[in-house]
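Notes follow once the structure below has been shown.
Lettered A, B and C in written order, each chain numbered from 1.
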């Protein structure tokens, strides 16, 4: 078996006296659709923040494609092909839908300042090319008719979708989705999950998602990691997770002492 | 051919208009007209940082001072060549003034732009004051007395037809205003400029999308300081005199008011408020007799700032331009 | 040696004035997370309140602690009213607005008061009335100790003592600390946040008024622009100590006061005003949280 795409090695994140994540290790293989679950406050978003460079782990390291990425700046990690969406939606609110998506392409832009000022061919050609690409991805997510709308004016569900589109525009190898279906109803959630499965194939992506809806995670993920109080308590295929006593205890709050 | 023809015709047009204004008005009005452009460049350049990139700077006067002093020092030490050649000479000098102001912007921005909000405002204010205090103490630049007899734009004799100093000054001012407008406008329509906007909107999201936000902020700051320096160069030529007292905190406030009044992130908004900022003090000047010499301007500015922030925080134009209403649905969430 | 001692005393009395004003910045920042730019103008107005109340009551003819006390009380009350008015009319409507808008408003209020004062009081400096007689009380190691400096140190120490008591030993102080720690939680727990904010402005403005009188006594000259520089320096003192921290504001004020006097005496008075900015830039770049402050982590 080849080296994992994402390799989290014994990572700890400490804020003052509080250990939000402790001694966490897990691997995601290339092409996998994995899930990170756990009760509220288990440290899932902290894990995402460490993976994407918002926080630097206190201990341990994160490797992506066998290269160490922990300690790098978020934009550097993004340029390695690891990107994300945000649980509490962080769109560029006052910009249009299209602008939101175009910005995410910036790291691939070849034309220079001069080209932009002179309005020359290489500028115009490339602008057209990236606009077409942005429209194409927006089309997949059914946002074609909204490209000129101010992004903050989109309904909630579409904002979540736009976050994914924007992340895809960075041409990632792996995408981290932080509760992509939060606030959606059952049928919206269902179609979003189909969409995620579809883009995963189409863009040759590896996906790691945080989700509260257990049923949904069990239905779509191939590999699941369960976090509780900052510690991984279980990992494996959905069947294994379903029958794990530890997981059930964590979710039902039985024996929820903190003496790990 | 078109690339040469259009500016040529434009220049000719300006020349005729300028000559007409020159004939019809006195030097007082002419100076106000010239200052309209100095203030416009100051406002547009600060708007790039405060309005489009969302980094609140209170030290713009410092960079204007750098540009003005560089221009003053060079043109008083090296004689201005006579005839048509004077024009490229002045352009080269102002370009140099802009580049040096831009370099100052880089060294000020590099450490300060790590800070956010209030702190950035205070630190840029601090740098602006330090530049002024330093100028005050440099005998090479005339200390507190400053530098006087800075040459004006030259008269140009075209075989009998003399283009007046005012006309060349106006062409010079319009030339740089158009360049400033065009550069900022074009940048914002490109990926490089969109980076600035993304920094304003959400830094953390921008970083996650692969944008080096530190670099973007510094780029915006350097371009902004460059044009502040150009404004300074124009200032030096038009007033023929610079001193540290010309570039106080209040000049930075003027620039901030232009940006806030016009709406942070609107070019035409800033141009409109530059007009107001230039003309209003002249109208109020006549009231000075009734107020015991106190300038009512600042009372009006300050009340305007407070009222705008409370009643219409997006400014007169929001982030829209006069010519276009880009967004169908506008909510005032900002 | 004598000289050094003299300078140190000078520095301490200047520093304690900075500290008094810095406390106003730091307390408002602690509660509202905003730089109250207008604070320096409350201080300036305080000087004029004191000037006119002394003149109106004809107190300069009878200098002494009685007169000082009367002027102090009147000035503190008027400054509190001004502080409350600023909070109510300029800041409260913007409680939920972006920080930048609040900052711009605060700058607006500051400019307004400066030019309003010029219009009403005139732009020329005024001579502050003698509230305390200028005399040498005693000497330490040959250095004469002046009544002005003793008054300044005593009044500042007493004010800070009262503030310390208010913040750490009263119910109001507990509420203030709770709001500063987490306003929304405090309000859920039944703390009246608006009331706490109002008291913060009252206390901060009163301290600024006290500072203004002390400056008037020591430097004997007041004018509408007097707030700008001292306000910036007091703000630097607050940042130096760690904004939001009361002990920090006092320490920062004293350090700044002493080092400024030393720069003037042993360096060049030209760079006196640049010193504060250099300290500010240095501290923000090296340890933005200041000496006593805590780093905050942005939540994502």
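In this text, contacts are C-beta pairs under 8 Å (C-beta built on N, C-alpha and C of every residue); 3 or more make two chains touch, one makes a residue touch a chain.
Just so we're clear, the structure is a prediction, and the values are computed from it rather than from any experiment.
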Specify the chain with the shortest distance from its C-alpha centroid to the centroid of every protein C-alpha atom present. B
Name the chain whose C-alpha centroid is farthest from the C-alpha centroid of chain C. A
So, in whole Å, the Cα centroid of chain B is separated from that of chain C by 35
Take the average of all CA coordinates in chain A, do the same for chain C, and state the distance between these two points in whole angstrom. 48
Rounded Å distance, chain A centre to chain B centre (Cα mean): 42
Residues of chain A that touch at least two other chains are 54, 86
At least two other chains touched by the same residue of chain B: list those residues. 204, 334
Per-residue multi-chain contacts in chain C, two or more chains: 300
The answer for chain C against chain B in the complex is residues 34-35, 90, 93-94, 97-105, 107-112, 114-116, 118-119, 122-123, 228, 232, 235, 239, 268, 270-271, 273-274, 277-278, 280-281, 284-285, 288, 298, 300
For a test of understanding, state which residues of chain A touch chain B in their complex under the given definition. 52-54, 73-75, 78-79, 83-84, 86, 90-96, 99, 102-107, 109, 111, 113, 116-117, 119, 123, 127, 130, 148-150, 152-153, 166-167, 169-170
How about chain B: which of its residues touch chain C in the complex? 56, 111-112, 114-115, 117-119, 121-123, 125-127, 129-130, 133-134, 136-137, 204, 249, 253, 256, 260, 291-296, 298-299, 301-306, 309-310, 313, 334
Would you mind writing out the residues of chain B in touch with chain A in their complex? 182-183, 186-187, 189-195, 197-198, 201-202, 204-213, 319, 326-331, 333-334
